[in-house]
């Protein structure tokens, strides 16, 4: 059961409303790296994660992200509070669609659940969450660099901070499962190609710990090992006349190299 | 510059074509966790990553993922090679849209770049990649469990294995940057709330290393610290008459609690 | 600020898990008429609605819809709780993507904010909400008719009931603004065509109170009153040679009827 | 059967072409509240509505909306008729994609059928239509406020007017079914919670006719009545090693297969 | 101005309603190759095409496609006319969303304007239309092969026929511009690489008229001619500390191959 | 199996970086007419095309398009290489999402596989490809007209040229099948309406070779030949009480015209 307190979890005080900046802020309200993505991703994971502790953590953080979504929404509401003094060219999204937040990103694209990464395994979920936090943090940094209002910056700084906190929590949870630095999870062990690294992009190759012995075996000149696949034996158009012999066809005339 | 060898990087041999199973395989061709997502995500990152070694790694793995996308496509092509003997109800996607792979997921939804997670910082990118590999591995495991054809399973097992390899490579790259177990990156240090954990989902709370001292400070009963946000001072409809006084309005009659 | 209590707002007790039915239930979790749409629509409206009472109502109902989203999620979680005993063909969505709810509809399409209808005016918002409730109620009725589990039906019946309650609340709010039965709102009065009804679909015409005097003036045989629009005077391809005179062109030869 | 007369249903005369304003006009051509949404929504409803009169009304209005879509398209065509004198930065959408209308909104997002609200019941459909008209009217008002060309304004004013007419028609149709002010429809009566209103958003609560007796019973402090839901009993990853044994677990206790 | 006659342009008589087949028919109502795509594509082109004859042709065909969309809708309406006797598992889309047509494809995905191909030049438009007709024809053939109802087949056969007619019309229009067999159009002549064909996919190469002299010059072993592109000189994260030297970093240690 | 050479297939040298122009270039990286669409469309076709020569051609061109995608990506990377000197308002997409290419179009919309046109028949595929090349060429022309940097123009000119080359190759392949100027393909012959052209858009009709004898039979005043379709006999809401008689209904009162 959800509950709501009209007071904010942390303060939001915009000094100088700027509808243009409000447009950029949408990235964290209805964008890929935004608070809605985070809140819904962690919360939906909690339905299938069986570990009670991790499930509780996911719910705690999800609820905080909803509270952050509210803060970002309030930032946008304040930045569009003087919309009548804004030229349409400077903030067409709000002038046409109305002031305040919308579930769109800074480019006006609708939020989509395709942004969410979850399902089937707690390790997969937690890794997705570490990635989500990194994306959110990155966008907050970009917004802070683009921001000229101190009050807004202070709020964005807090939100950036919390993404670091959450990332640390997810890392701790992964570590408790022994999966922070172990790529394996699940029940199917890898086959014997697990150590091979293929140098498939040639020229100015640079080596590093991600392709060096003893962890990896570097294949400098990989060869195709799969042979030629069979040609399609049942053409898509199952009822088609042979190509080139269809009514009106001029026939085909080609030679093999 | 891209090059292609018509031979496959690893073998694909389907014993018994099954167009229904072909439908499920689409998840790894045109689905969220599929090879197209991986190939394009790693490759597009390589354009903005400045570290030459990590850039090379991203390109090497991206090219392998394109080669894996080809393998999944060949699996689907073989599984739909007897489509004329399949009832439409069993595989409507292929019967209506044609045999062979399409850039759709197992539910028939178009692939979208919204699946891709990248941008602005190499640490963010690498974390996104560890998550992408976990998602891909998870789907391969689900497909293997659902698969009855040994030849198909062998190919899927190889593809699952390679996701583990790539995950290990991305972890090594993160570790080389000191960022595998450090949630911080970028240039903006966190504020002083970075250690707080808020217990926002109440009831049957379970503690764990992700919310315990000394790394974290647990707030068992969080209070709103942001106060009441200001009400909208510039209504969306900037030219609107005051609500309830619009032409034809019956007026409003309400009391405050 | 959001808060969460792990206890449900109302009970969810599935008697006989059925992953196939779980697929249909997704329509109310991640579908167009589902609880996420309702929750986010009402809540995002609350940021720009200036009437404190209606804003409070929107937030109250939004929070209840989040709590209902949780209930639907729990229904789905229970219906997929025996997924290991389900054949992939019966519930491919869960078998491939994992058990429990996802932000997809019953056809596997991602939830999109394009489902949300809001912006710019409280009357527009409230009308959108009456419509949203009608859609949600309709889907619950369809689900109840398709459902064979009594426990599930009971929960769905409650959720259907609440959509009626909310619809009544939105109607009351519209009525308090004098806008339940008055099509006009905003500041721009209609022009003098406001009473005209055009019979543009001919044959077996049926009249009714929606096109009868004195409220309406019925135009049985409408004529175009706009004349011929000017032809494009600046072709799209602004640098194009005149059509038919491009290099290699055979010229054009056509007559006017 | 559709027919078309090249003359417009109402005049379109743009005084001073402005490709920037053309961009905003796209909102009513290929946007959520635009004429395509209205035309297709009403028309598709006509296929399943059994009441011959309401079906005829839906078709009449749908055809008018198609004619309005044409008018908006002509507005855009005229506003982009001097595109060769426009700087790319002022109207990149048209400069890159070509002049004239496209099925995109003012932010460049593709029109999607997710904007349409219809299905299964005539009351639901009519309520969706009242909402659609309100959205369309609201956008026309925003466009008129942003418009500096008198000829364009005159056309937009007519289009705004017709949305009011249609809204009135849909209201009359709802009223003829007794459903304009009655939230109930369909065959399943509500359960005994239908009068309850839950105060789930706390602080500065404001009461109004939408939550007052005798129509409603206000629950000032709602409690969860659903109890704790069962934990997932069948983990997503049905073959996974038991996660679930790690409540609060700090260490890792699992081995690789 | 649009007009509508409730009589159909051609007959629709379904002998034996089958909601499952109705699902497949959606591909031509709300799918990529469906009648809505065709109608809207040709019609929207007519706004920017300056040749009055071709513009008239586009409008004539567009209106016919709207009339065909109506026919497909009526087919679906009839196939779902006994939905109460259909099990939900056989036609979940209609059972959950309601009978009759919806703007979805056979997989339940919303129609999107991304299916439309048009803009900026009449030759480009006409080529897009030849392609659209080919796609539509292909899907009708697939539907006819999957269909067991003679009445439905007869209607589908007519619709397939008309796609051939339209394709011929578009070909004639292209030919009148000299562009049916001339790849060039527009105002920018090609550079001197226009005859080169690169053999970039190696193995079992097959030659044909599309890569043979004198029209083409075949490059059997293409080499990269673009050299190494410069590395990113301004990292994405413009304010980032040098990689590996960020706070907490362990430094990087890698060698060049 | 894919391979990659870090050298570019053709040179990319941007003289003066301009992040605004970089935004427009995205149209050919992640837009509808862009290189990703071309590469994936041709390549996915190669899985179901049975003609070995055409399959090889599709793969050769697909690989070149991937190499062109790389070139466009490098253009964008260079145009955003001085992003720290760019104001956010001039290039918000890159400032918020990071420099370098993304799989978005010039309006910030995610690339979607809905742009791809393929399936089921080689003639359909080749026609789709001729159309795809025309769209790509058109966008390159628009970009060249909007471009002020000579180095960028030179690269764009090469890319435009190659679209012409590919179009010629696809035309040759169609011609080898006798299908360049023959609208028919597949196995189902047209019915006897194949020569009819319906004048459905009235007023200022213009005739041309696309509707003249002997190829076509022009119907100046088409009549509906399909008669009235049956009304829905099984209302959507299969369990609904008759309209107007639902609980609370006021009854219906309407007369037939």
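A, B, C, D, E and F are the chain letters, set down in written order, and residue numbers restart from 1 in every chain.
Keep this in mind: a residue touches a chain if its C-beta (ideal position, glycine included) is under 8 Å from a C-beta of that chain, and two chains touch if they have at least 3 such contacts.
Here the structure is a predicted model, which means the values were calculated and not measured.
Taken together, chain A and chain C share the touching chains B, D, E, F.
When the contact pairs of D-E are matched by residue number across B-F, A-F or D-F, over half of them reappear in B-F.
Remark: chain A and chain D have CA centroids separated by 27 Å (rounded to whole angstrom). Note on chain placement: the centre of chain C and the centre of chain D lie 7 Å apart, centres being C-alpha means. Under the contact definition stated at the top, the residues of chain C that touch 2 or more other chains are 1-9, 47-48, 52-53, 55, 59, 62-64, 67, 74, 77, 97-100, 104, 107-110, 112, 114, 119-121, 123, 138-139, 141-142, 175-176, 184-187, 200-201, 203-209, 224, 226, 228, 232, 235-239, 252-254, 256. Judged by the touch criterion defined above, the protein chains are all mutually in contact, each touching every other.
Interface residues of chain B, counted against chain F in their complex, comprise 1-9, 30, 36, 40, 44, 47-48, 59, 62-63, 66-67, 70, 73-74, 76-77, 97-104, 110-114, 116, 118-121. Put simply, chain D touches chain A in their complex at residues 20, 23-24, 27, 105-109, 138-139, 142-143, 145-146, 200-204, 224, 226, 231-232, 235-237, 239-241, 243-244, 246-252, 254, 256-257.
Chain A meets chain B in the complex at residues 5-12, 32, 52-57, 59-60, 62-64, 67, 71, 74, 77-78, 80-84, 98-100, 112, 114-115, 117, 119-121, 123-124, 127-128, 130-135, 137-139, 141-142, 144, 157-158, 160-162, 164-165, 167-173, 175-176, 180-181, 183-188, 190-191, 193-201, 204-211, 215-216, 222, 224-230, 232-239. Taken in their complex, chain F has these residues touching chain A: 1-7, 47-53, 55, 88-89, 92-93, 95-98, 104, 107-110, 119-123, 175-179, 182, 184-187, 189.
Those residues of chain D lying in contact with chain B across their complex are 138, 141, 145, 203-209, 228, 237-239, 247-250.
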